[in-house]
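Got some structures for you, see below.
What follows is subunit A paired twice: with subunit B in the first complex and subunit C in the second.
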Partner chain A sequence: MAARNAGGAARPGGPNRTCQFKLVLLGESAVGKSSLVLRFVKGQFHEYQESTIGAAFLTQTVCLDDATIKFEIWDTAGQERYHSLAPMYYRGAQAAIVVYDITNQESFQKAKNWVKELQRQASPNIVMALAGNKADVANKRTVEYEEANAYAEDNALLFMETSAKTSMNVNDIFMAIAKKLPIGPAQGEGPTGTVDMNQPQQQQKGSCCK
Partner chain B sequence: MDGAASAGNSNVVRQGFICPFCMEDFGEYERLICHVEDDHPEEDSSDLAGMFVSNVKGFFDKAKRGIKKLDAKKSIAEIASNVESEITETTEKLVERAPLPRIPKPLPPDEISPGTMRSRTKEFLSTRELNINEVAVRTNMLIIRLDRLINGGPKDKDPIKRKEYEREIVPWLDDAEALCCPLCAARFGITRRRHHCRLCGRVLCHNCSKFLSFETARSLTSSSNPLGDTKIDFDEELAETDVPGTSQVKENGRLSFFDFSQKSMDKMKKAMAGAVQKVHSAATEEIISGALTSKELSDHMRVCNLCLRDLNFRESRMENKDPPSYVQQYELMKEMIEEVKNLVPTYVRVVSSLNNGESVYTHKHGEELRSKCLEIQKNIDLLSKRIGEGADDKPNALKEQQLRKNIRLSAVQSLQGLIGQMDSLPSAEECVNRIVKRKEKRVKDFARVNRTVMKMSSSMPQLQPHSHLNSISSVSSLGGPPSVDDGWSAEDNDIVFEVNSIEDDTIQTDHPLYEQRDQLRKFLFQASSTGKLDEMDILERNLKEIEEEMIRLGLPC
Partner chain C sequence: MQISSTSSNGIYSNIDFRMTVSCPPETFDDTVPLKQIKKEISFVIERPERPGETSSHHGSKRSSVSHSSDEEYDDFPDDSVAIHNQKMSEHMENYQNLPMTSKTHNTVQFALDPEMSRKSAPEPHPETDRFGFFLVETASATPPLDPKILRRREKKWIQMLDNWRYFMDEKFELVKNRCRKGIPPSLRGRAWKYLSGATYQMEVSSNRFVFDYCVKQAGDPKWNDDIQKDLSRQFPEHEMFARVGKYGNNGKNDLFDLLKAWTVLHPEEGYCQGQAPIAAVLLMHMPVRDAFYCFVQICHKYLPGYYSSGLEAVQVDGDILVKLMKDKTKLTYRHFKANGVDPALYMIEWFMCVFCRTLPWPTVLRVWDMFLCEGVKILFKVALVLLKYGLGTPSQIKQFPDMPSIVTRLRSLPAEIVEEEFIVQKIGEITLNDTEMEKLHFGAMKTRQMRFD
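Moving on to the complex of A and B:
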């Protein structure tokens, strides 16, 4: 997996490094952004999750084997009238999860629009992930896995089908993002015994832990 | 996954209009937007140029927004001072990046996106079709009834028998069943009498029904004559005149509601005069019941507004099917204009070719084309004049007149444009002169090329005999054209061509381009003699290309 290699090469810092990353969730309303975050942060799931107003802010810390990563998660409101708020949340974000509902083709189109907007206006180094939520109701799906996967590959996005309800792939998608994130500029010794091919690229990317 | 573990978090979920930069909750959309715009402006890049551009852009945006916000009451001076302060502020900002004053952004409307959409067109069409079918069936039924009502019935004018016949064709609704008029919901009583629509049998009040004259009804049923006297006369008022003297004033007052043409007013007067006479002979009980006199029975029949509407609709559709004569004339005119529009560019090309002294087109061609164009233009002018003048007094005569005038105007305009494009044709002699001049110039060019070839021939001796021959031929061709100057009309083009071909034969013929050129000239000649203008056009272009190619190769043409 490319992300793993990049991640491995990008961890030249000490094992006890702590990095903070701003992560933003985007997507149409009622696709399960808040549920996804709540599952990740608190391990909870509410069947009748209330619609988010403005944005919700949560944090979660994850430990990788060589770094501790603190996610500052901005869970934006999906309703169209709050669309104009989104830029201030993805401004300066290092990661973004664009969520769609696999039972709703329109939400997938909306997700594509979000990806386009991020590619245009967000930071160029932003790590983007596409999450097809509600995978537990796959019998009602209207967005095929292959279709979304192909789209994600074309746009160099991480892609997983998730379910906040069954917690399928929820931690995994955040982990995958964490591994893809650049963990600071090279300090001290690099990983020994490996040819560090990604190093120059990573230095270009390095934008955190200022 | 390499040993990933998520640590617990202590934070409570915060939700609301939180600024992502200072984590303050602003509680309102608008306040959050303002706060972010003012306190956390977007910094594009570190380079000065980018900063300057973004600042200037930001200034313009803000100024624009500010101006938009200003009330109409605010004076221009205020605006100026505002802009001025903005300018000074921006310049300050350029130095020390001071935040600009807060300009609140309007809250976006609740419904920006239309949300889920579904096409209802099919549904609509199916519903509509049902409706249309219903109306069509109903209209057909009405027409059939109308036909039977006006063409059948008892020969004598006995109103009672007539009524019986009418009820035979259309079952009438029982009077007792109708307590109020189904159209205006007014209760029937002594002052508001019940009337039956002769077409659908419903009971209506007087105001909701009209009288349809038999004459009109006949034109409605005979679909072969849609343009005849098909106008439905609203003869209600005619019937009203049955009521003598005193009520006439009132009825006249009501007339003003209807936009009556002069014609129908005249009709009114006549009918009124007749009505006064009729009243004397009419049976009194008929007046009381509001029924018609025996004479009027043969002329009119009561029809409810709904039936009338359907009939009117059908009639208007029939009118549309058969457009008035001026529409046909207009179509013809449009065709002619198209034709001239196609012809004029050809003519322009011919004229320019003749002016250049090219021998591709003859003067006769130009003449023919010109006369053809002029003839069609004359026809257009005549036709449009006829359209423009020939208005008649129809219901919407005013509109029609306007339309006719506009057609005429547009025709005149397009004619002017076309005539403006047509340059004058050079006279036949002029054409000949130009051709001669062009020939001379060609010969001169040719001689010049020869000289250079001669110069080169010292180094390439095998070329010499050719060029020598060329120079001789050029001299002979120099003397050629003037000798045919007198009596050389455009028809004598073949002579010119022969001169050309002789000349060509004497020059180098070994190069394939010469052969091609000769071939093309022959084709051109054939095309010009049969008058195929488009082919001539193509051939001429080919010829030019070949000549250019020859010049490029340094071959004398």
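Moving on to the complex of A and C:
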């Protein structure tokens, strides 16, 4: 599926670096977090996606020009009750996607709360994106694009309206995050935490992943 | 119909009692009338019959029951049983003598023959397996039980259900053993109601009007919204909860009624997403009122606090599981510790949903049979089996060396270790000492409290 080739096919000779990054999805219940992940990882969409209990875990690899990025994705449960578990999933995460439903104003407020919490509690260098999902039902929209965009700019978040159903902007938002992650010497000291240095197939070249 | 009841033998602390028997006693205080709730709808917590709540059951000698003891009750000397048995065999004979095509001699085949059901059904309905899930390409690995064995088991279960109090008080080991062998599908719903104590609550106890009252209330819009969001997201491939099929929206309507009634009963605590799958599994086996009482028993007694805000109880059980791993599957324990794999990363869904979204369906039903008989211990045992045989050997540990691969492995365990007979057999090999469990529970609670102080 398209998702598998999300950054273009691997170049002949293979990419020169493999980096692993922990990414967490947060947001209110039923805004489409699991659907976004399923679209990105498997290229599928289920109209009736089972609700997430606790959290789900998936991985997906994307190729950039100079590196291969493996996302370790924690897809969390959205209901308020599961909030106490959230720190376990976003602790040490290098990236987060905060999701809201463009047809549900309340979910946008909830997304803002998640952003605040991440700003306070998560790693200081975390790359954050805001996703306004369900863009395919824009006729029922209650959150204006401009409003969310302005908020994202104020908080230095990546922002896109997405649709897991039509796959609009799904790969793009993950790619945009991948591009902002520190993979080279010029972009910071490199990721920490879940980076695995024992993987035999991993080529330890350059400064990526140390 | 006989309903057994057990009287309280003293006052137990919640912790002490919790681990030794299927469920804790009624010491929680959620019956305090809240401002939105009228006095008469509080669920009166009295002491109904509970599997294992009589002193004779919670000794540590529960585990071994010989098969021969199972057979000795074939000639149970009770008239009603004899009559019932006779009726049952007549019924079964009639069933066998139903007109069938010359090619089909097996009653099970006959019942499941899609050609037959297509002819009799006026409207097209997607084909399902014997559990009601829409058929996909892969056939079920385990063949249905031999009808002769099944009928013999049905007779035994009917006899047992008709003399429930006697069997629970005097022959609990036998009940337990039969639950481990698997409850016959035709009696599963009824047996679950008896095992959980729901039958008592809905037919004898003063709580018997609670459902009728609660289901008529409008419910808090906030909870209703939360429930509505989840109605189409429970077992979407099951005929009862799918968007197509002969049941229409009835399954979903029942699910809504059940969960709404729960939130009317517990307006403060409300609805937790982990509850819908539990309710859905029950609704696959019984009408909504019955399912409600089973559901309340599970939430009140088997898994108290699992679904409350903060999700404390399930996390405490996660800590206990880690301590048990240290004892029962040490390699797994060390490997997880070295890689920072917290129990909450894998066991929340297992425990909250009683494995109904983790294991193949035949195994789920066997686990529920045992869980409703023996209680929360079964959850720990199933988890230990999965951990031990899925990630317990040096070669497995080498193969899944880091956190992502461990978590992925636990979400896609090989078919042979989630197969029903394998799990049931391995569960039988694990003994969890009651006193030790109490200690672990107490310790886990303490540690957690200290962390927050």
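Here is the rule we use: the second predicted complex is superposed on the first by the 169 of 210 C-alpha atoms of A that agree within 3 Å, B and C clash if a C-alpha of one lies under 4 Å from a C-alpha of the other, contacts with A are read in each partner's own complex, and residues count from 1 in each chain.
Going forward, a contact is a pair of C-beta atoms (placed from the backbone, for glycine too) under 8 Å apart; a residue touches a chain by one contact, two chains touch by 3 or more.
The shown structure was predicted, so the numbers you read here are calculated from the model rather than taken from an experiment.
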| item | value |
| --- | --- |
| Fit or clash between subunit C and subunit B when superposed on subunit A | clash |
| Which superposed partner A:30 touches (first subunit B, second subunit C, both, neither) | second |
| First (subunit B), second (subunit C), both or neither touched by A:41 | first |
| Contacts of A:18 with subunit B and subunit C, given as first, second, both or neither | neither |
| Contacts of A:142 with subunit B and subunit C, given as first, second, both or neither | neither |
| Partner chain in contact with A:121 - subunit B first, subunit C second, else both or neither | neither |
| Touching partner for A:109 - first (subunit B), second (subunit C), both, neither | neither |
| Of subunit B and subunit C, the chain that contacts the larger number of subunit A residues | B |
| Contacts of A:63 with subunit B and subunit C, given as first, second, both or neither | first |
| Partner chain(s) touched by A:53 [first = subunit B, second = subunit C, both, neither] | both |
| Selected from 43-51, 61-69 or 187-195: the stretch of subunit B that, after superposition, runs into subunit C | 61-69 |
| Doubly contacted residues of subunit A, that is, touched by subunit B and again by subunit C | 52-57, 59, 80-82, 84-85, 88 |
| Touch list for subunit A against partner subunit C, complex | 20, 29-30, 46-57, 59, 72, 77, 79-82, 84-85, 88, 194, 196, 198 |
| Complex contacts: residues of subunit B adjacent to subunit A | 1-7, 9, 11, 13-21, 23, 29, 32-33, 36, 40, 42, 108-113, 116 |
| In the complex, subunit A residues that touch subunit B | 4, 22, 38, 40-42, 52-65, 68, 74, 80-85, 88-89, 91-92, 106, 171-172, 174-175, 178 |
| Footprint of subunit A on subunit C - complex, ascending | 226, 229-230, 232-236, 243, 272-274, 276-277, 307, 309-311, 315, 342, 344-345, 348-349, 352-353, 357, 401-404, 407-408, 411 |
